[in-house]
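You will see chain A twice below: alongside chain B first, and alongside chain C after that.
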Partner chain A sequence: MIRKSSLALALALLGSTMAHAQTETAASTTASRAFTVTGNVPVICAGGALTGGDSTFALGVLVNTTTGLLRTDLAAPNKVLSGAFCSALSTISIAATRMTAQNVTAPAPSGFSTGVDFTATASGWTTTPASVNTAASTNPEATQSRATPFTGDITVGLSNFATTGGSTLRPVADTSYLGSVTVTLTAAN
Partner chain B sequence: MERRALPSTRETGFRALARTLAGMAAVAGLAMGSAALAESNTASRTMAVSGSTPEICALQPGAVQTGSLVNMTGLDGDTLRVAQFADPTTLAVRAANATLSISAVCNFPHKVRVQSENNGMWPGDGRQALDAHGFTSAVPYQARVTWNGASNTLETDARVRHQVEDELSVNMPAAGSVELHVEIAPGASNSQANAPLLAGTYTDTLRIFLEPL
Partner chain C sequence: MRAFTLGVTLAIAFGAAPAMAQDSDSAKVSVTGQVAKLCVLGTPSSAVIDLGQMANTSGARVGKRAAIANKSVTLPGSFCNFANSVVTVSATALTADDATAAQPGFARAVNFTATASNWAATDAVATTSADEQGAGADASGSGSVQGLPKLADIGLTLSGYDVPGDKLLVSGGYTGSVTVTLAPEAAPAPVPVP
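== the complex of A and B ==
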């Protein structure tokens, strides 16, 4: 029968293959081949998600409306960078620019100023918070190092507001004073 | 014609495996490459710091400049009193003057407006104009304002009782002290110099405004 013939042929082919395998094992009792499985974790830092409202430290009215001098109770809620991480040892740096009048372009007349300085601090990443004062010519505390990978929250706060040029000066009227704070995480390669 | 030898089954299998691994590596490489684009060893966040300074003008209570009182008793609240208004013999107005310092600030370009409510010092009886020939029924005076290096003088003539004013523009913010010098000339009169004063209590209200241009 044709069907039986076909089956016999298939078995014959199978038998041949088995015989071939036996020939290989006869040369060595063990055959092995190693494949290397590799992967790497890149050096990564992520800044985390910003909480505490939007990304602006809104101070509102900067001056005492009776004296025209900078308010002594200026404050803004802290911002938190949640879930920031670096996969290797890292540094945290903070940089800031003073608040300056955006619409008044003329130099401030005697007794007045177009700037407001402040100190910005980033804490939670390193034992010593990174801090920068916009009035200072150098800020050695602005960069802090961490010897281990880390993940956690970074709290950014502002303090020590001061009229640029001295506390006896008054900020000129302007509907917009703007400055900035930048926090940078850098992992060591 | 040259025949190329067919690879053995095993060779074919390893090559296929190698190709598969290579393909996986390539896919992994692509994945890592895209990850490298999105992730970095540096992460940075910038936050704005904002505020505003409204337009402000402020005047503090005045104070008499030391040594500036001539025939004035000084400030009583906001009232500047003349010590001896009329010469007891001639009833002519006696000279008197004083300089007040008023701490002030305007943090934007502005003007100073000085206003006399009555155009001079008038008796409290409500009279409106000169009504007694040969007598002084109201007393003119002048008020000089000095502010931010400039000055302006409001001259009252006491001819007609009405509000008069003058102003001084200051095209920049200014802070410091407004100097207000009030001067009553000897013999001042709305009639003729040295005309005797009619009986009465003479007053005026002088106002200073710091305001937008």
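== the complex of A and C ==
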């Protein structure tokens, strides 16, 4: 009777072990581990490399040497910011200051002017170029937005030269008239 | 029918009588068990592999892929308790979390090579080759067969980072994945019966 009981118990244990082993086999023959890989890229804007000579718009002699009035054919080759980019949405802004006589600091006498205004335009970045006129009190088109990351060339040009105060005024003689143009790319976060 | 029953009873009586006189007895019971095939990967030293900032912010390569250091994770105490196992690594390139299509000149994917080592003679290697839009980002590779049960620290290394066309990277977060798998060697494909 004892043998029978023992045998019966042994069989019961064996049956239990087999059932457990089958479950484990099905679940663990293959093991996998997944890893998430992360990284990030910051918002970057770069103005690119300036091409088209140096960084100066050299206009030469500003006046008609016969009349003393501002030349009507003033021009300078465009400057190109090559390979400019923003890795996110962006705005392009252009700012400029009129050309002013650097050596004559006194107020201009009647009939004369110490300033030359102009329009500066940055094109190639947005559908509507960013532009600024140094004679204007406001320049709503000086800042333009772009809805996508972009890389390309920005062409900066000058136009619409005009004597500050009116076309009938004559620029005072000076060996240096100096103004500036600044183009800024800003990422819009 | 009755005579037959009596005969059987007598036979038992003769056989049982001598046993009653012994002072010991024994019985043999077989004890059996099984060990299931197991493959276990150890707890990794890190569950997330963070490559950090991936683009240059200045210099000649501003906006393009920076020099990203190799990253390693260890799966200590990994084992298979049977012969002929294989380690496989599957990888998905990092792609920008922002699904917007990359503009011309930009890429929104970073490829890499994932290597699972220290299991068999040949490591498992997977090199992703996503395009600039992040398409085709998946890759996988298996190492050679490990012919013995083995316990080892499996190493996972990420290296060889590359941006399609070396283009500018779109800003934002990027996510990819790597999966290491230990499994029995794949069974050969069945031969078609003519």
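Following the convention adopted for this analysis, the second predicted complex is superposed on the first by the 154 of 189 C-alpha atoms of A that agree within 3 Å, B and C clash if a C-alpha of one lies under 4 Å from a C-alpha of the other, contacts with A are read in each partner's own complex, and residues count from 1 in each chain.
The rule we apply is simple: a residue touches a chain if its C-beta (ideal position, glycine included) is under 8 Å from a C-beta of that chain, and two chains touch if they have at least 3 such contacts.
Quick caveat: nothing in here was measured; it's all calculated off a predicted structure.
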| item | value |
| --- | --- |
| First, second, both or neither for A:136, with chain B first and chain C second | neither |
| Chain B versus chain C as contact partner of A:43, first or second or both or neither | both |
| Touching partner for A:178 - first (chain B), second (chain C), both, neither | first |
| Superposed model, chain A: greater residue contact from chain B or chain C | B |
| First, second, both or neither for A:55, with chain B first and chain C second | first |
| Partner chain(s) touched by A:75 [first = chain B, second = chain C, both, neither] | neither |
| Partner chain in contact with A:34 - chain B first, chain C second, else both or neither | second |
| Which of chain B and chain C A:149 touches, first, second, both or neither | second |
| Contacts on chain A seen with chain B and repeated with chain C across the two complexes | 35, 40, 42-44, 46, 88, 187 |
| Sites on chain A touched by chain C in the complex | 3, 6-7, 10, 14, 17-18, 21-22, 24-25, 28-44, 46, 85, 87-88, 148-152, 187 |
| Chain B residues within the chain A interface of the complex | 21, 32, 35-36, 39-56, 58, 105, 107-108, 172-176 |
| Chain B contact footprint on chain A (complex, rising order) | 35, 40, 42-48, 50, 55-63, 65-68, 74, 76, 79, 81, 84, 86, 88, 96, 99, 101, 106, 108-109, 111-112, 116, 118, 156, 158, 170-189 |
| Touching residues (chain side chain C, partner chain A) in the complex | 27, 29-41, 44, 46-55, 57, 62-63, 68, 73, 75, 78, 94, 96, 100, 102-106, 110, 112, 156, 158, 168-184 |
